[in-house]
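All chains are identified by letter, namely A, B, C and D, in their written order; residue positions are counted from 1 within each chain.
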């Protein structure tokens, strides 16, 4: 968002502050109103999918939907108006979500009457992606996101190993269990193995042979124990994030090294006295504990 | 509870100590008796809901219930009697729970005979909220509660993200899966998605199409991995709580070392007296245990 | 076990070392053989419970069982013989487990022929408790056990809160859901609530009303998140246990304080120089950084 | 792999670098191509197991399979050609996996026409073990693997305890529950107990008696809580791994401070030069960046 600069005129700047920032009380009120509209529109999409409600309150949902779409369209127009480079915003992540929030309804309008039900249903449900607009408001969860990013590689390795385990276990059980128990193909066995290893356990497919059940028990114990891995990695990362507070960003005046523990008095790199406000005790008294005297 | 002061007379003060505090042996005995009565009354409500037991032991339950209600009513009366501002207690959290513990039974008495079964059932079950009275006795779990409070914001962000994930996944699977498999509406799909992502996995609704099963597997792996997030946040918080209890941040005036245990009187590095407000006992009396005499 | 002293004669002492200790190669071999016999006897009990196997190999199981019982009986006899106070051992935890391992078979022998099946079945299954004898061999998992003991109070508080949550949620859903869905009584609803909150999710009882399903989703999210609590508490405890290694047990020669960080040079309590092998730098050069000179 | 040395001729050495190392762009491209081929061949095995796909695209799968097998065979031949001791590689872990990837197809060719279906099916499914070849590429996950190895003993103890708990609980519930509920033998009860304790919860076997359900609830709460144990152990291990990388234990010769980052050249407390083997650059040249000159 930082590359988006407001146009210089007064009105535009004020609208920019209202919409893109959240420092002033008015801007905060705008944010809260927007959250309300988003949640409301998502709720309408949800309720409209319930057949009895759609039959009884169909026209209500129809007009509410148009109301929400007009609000979102107007908001997007204002947003684009007060930006200097509107196309850049439209191609950004949040711009695409903004478009996704209004396009389905406008597309449905443009469709000829005898439209296939599938397309209508798709457009209807796609509107629920408006919920993604809420992501703008949780962007502040920095600490979590940072820790997640830094442990992403390890957690990816973990998930990769889990997928390999699932494939191997699934193939073994597919060999053992009869097709009647639901293990009709390897992909099906993989679905079952994922259900088991992640401790979800639907129970729509379950092993019936003693050997298959034994392997299942081994899978369960594996899945139950290895959850410790991502948890341990992420815990360590969060603890490290918190501890990173212990480090100062100030550069050493001697060598420029800029990652000292906050309690450090001397640069660990070149030995320069770091606290510029008080004099270095080594310079004052010659009987300093270290021996680098002339 | 600290804003509640006992009335100054002798009897009241002694009752106050008996009921509101737990220092004396008598007060402890009172607490244990109260826990017993609470558990007993909750047990009666539970057993009364079992149809065969209600038919056979109905009158027993009836009289036991009245016994418990009278005990709780008497206790509340005494509690209010020995307080200076009884109304304030009644409007406090514990006061409301105390009322909740006796009101249903008294209300049932006042109802005319031909009462609708729903209200009677409601009142009967509401009595089980007496179990909340036990919260008074676990209030001491300070460390846990503090760590929970401080990580509440992060865990809320986590839950919010989980809800967004559930909504998006549910919509996708609702589009893919047929209504016959149980995915009749988006709210139903959300129920299923929550069952899957939290690794509960009832299995009352399960995906039947290959694409739906593939997305389910992705959901399971997501749910299985991201449990690491609240766990990591909370672990870091508990570790911080424990450590903050132990170490002081103040630097040693002698050598600048700034990570001493709070109970330390002397710097572990250079032996300097740390408590600057009182004089060093070594300087005062020559018979100090160590030998660095003048 | 430390209060059990071997009788002083030679043979007894050597048997004692063989059975109760595991330092010599022979004693280790004895331990491994014992583990094998225990696992074998447990396997026989398991397989005997499978009807087709019992019918075919019934007599094999019978004779194997007597073999194992005689081995265990002989071992217990020898164990008691080489102890000075056999009765004390019999009443100890491991003594009771030893008795439990042989009593069912001997009792079955003493029963008159026309014995009720229930008792026979009970005795047969009770033999599986022999598996508890393996606990002797995992006693070394000190670190884990210690951490568990120290976090026991917090984890008990957690379980207690979970039980309260289960009771409250169960009562609410019992009020909402019809009896046909399986919520026939509060105890049944509690069973369901435990199945849901612990993310087990059998699916034998599931909510059918929209409101019941909404509350279930809240329960699942709660259960999914609060697993962070015991995990965080226990993690912190294990980390603390490991860190406890950083502390030395040696008492300060000045004041007797015996919990210093290993890197400490001066007692944090009385300032005495801790390293007795090298002289205190404060005593040698008067220009030591701290100022407690005459 | 480090004991495998390339033959000294030019071509062999260059092939060795291409296949066994991944430093040059070409070697990286080779790795990526190999990953693609592995994933492709695994996908073919999976899809071939789906009956409708096998019927329609059977011949495609057949020729693709031969293509993959020839690629793997050629690759293995080249691999062996450029090694000095090819037999040693064949008996190594990765060599066995390489053989496993091609043997089933070649074996199927050599089988006489009227082969039993079981063997054919077995050989077909065994090919999926090619997925194990991907392990070569995740070998870099050192930190995780190291932490896992060091906590392996504790996690084994944990799993052992879990197995003992499962056996005991299973026997109890087997005694209580009727065979009609599915508890027909102790092994079956053990399967159910593992499903319950690991919070998988298929629901194919569920307790039906009140007492059995009560014990189940206790098992669930146990399983729900003790997951904290491996997680705590592993978290502590990862945190220790990260920290051990960073800090050195050697004490500063000047002030005795013994917790420096490994990259430190000067004590953060007193500025003393830490590397005792090389002289302090400050003492040698007077134009050192810091100003404590004579």
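Assume contacts are C-beta pairs under 8 Å (C-beta built on N, C-alpha and C of every residue); 3 or more make two chains touch, one makes a residue touch a chain.
Note that this is a predicted model, so its numbers are computed, not measured.
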item	value
Contact-richer chain pair (by C-beta pairs counted) among A-C and C-D	C-D
Same-site or different-site touching of subunit A by its copy subunit B, using the half cut	different
Centre-of-Cα separation between subunit D and subunit C, whole angstrom	29
Centroid spacing, where centroids are CA-atom means, of subunit A and subunit C in whole angstrom	40
For subunit B, residues contacting two or more additional chains	158, 187, 190, 199-203, 223, 227, 231, 233, 235-236, 239, 255-257, 269-270
Touch-based graph of the chains, sorted into line, ring, star, complete or other	complete
List of subunit C residues in touch with subunit D within their complex	42, 45-47, 49-51, 121-122, 125-126, 128-129, 131-132, 134-135, 138, 141, 143-144, 147-148, 155, 158-159, 162-163, 187-188, 190-191, 194-195, 197-204, 223, 227, 230-231, 233-239, 241-242, 263, 265
Subunit A to subunit D touching residues, read off their complex	154, 157-158, 160-161, 164, 167-168, 171, 174-175, 184-187, 190, 196, 199-203, 206, 210, 213-214, 216-217, 220-221, 223-225, 227-229, 231-233, 235-236, 239-240, 254-255, 260-261, 263-273, 280, 282-283, 288-290, 292-294
Subunit B to subunit D touching residues, read off their complex	199-203, 231, 235, 255-257, 269-270
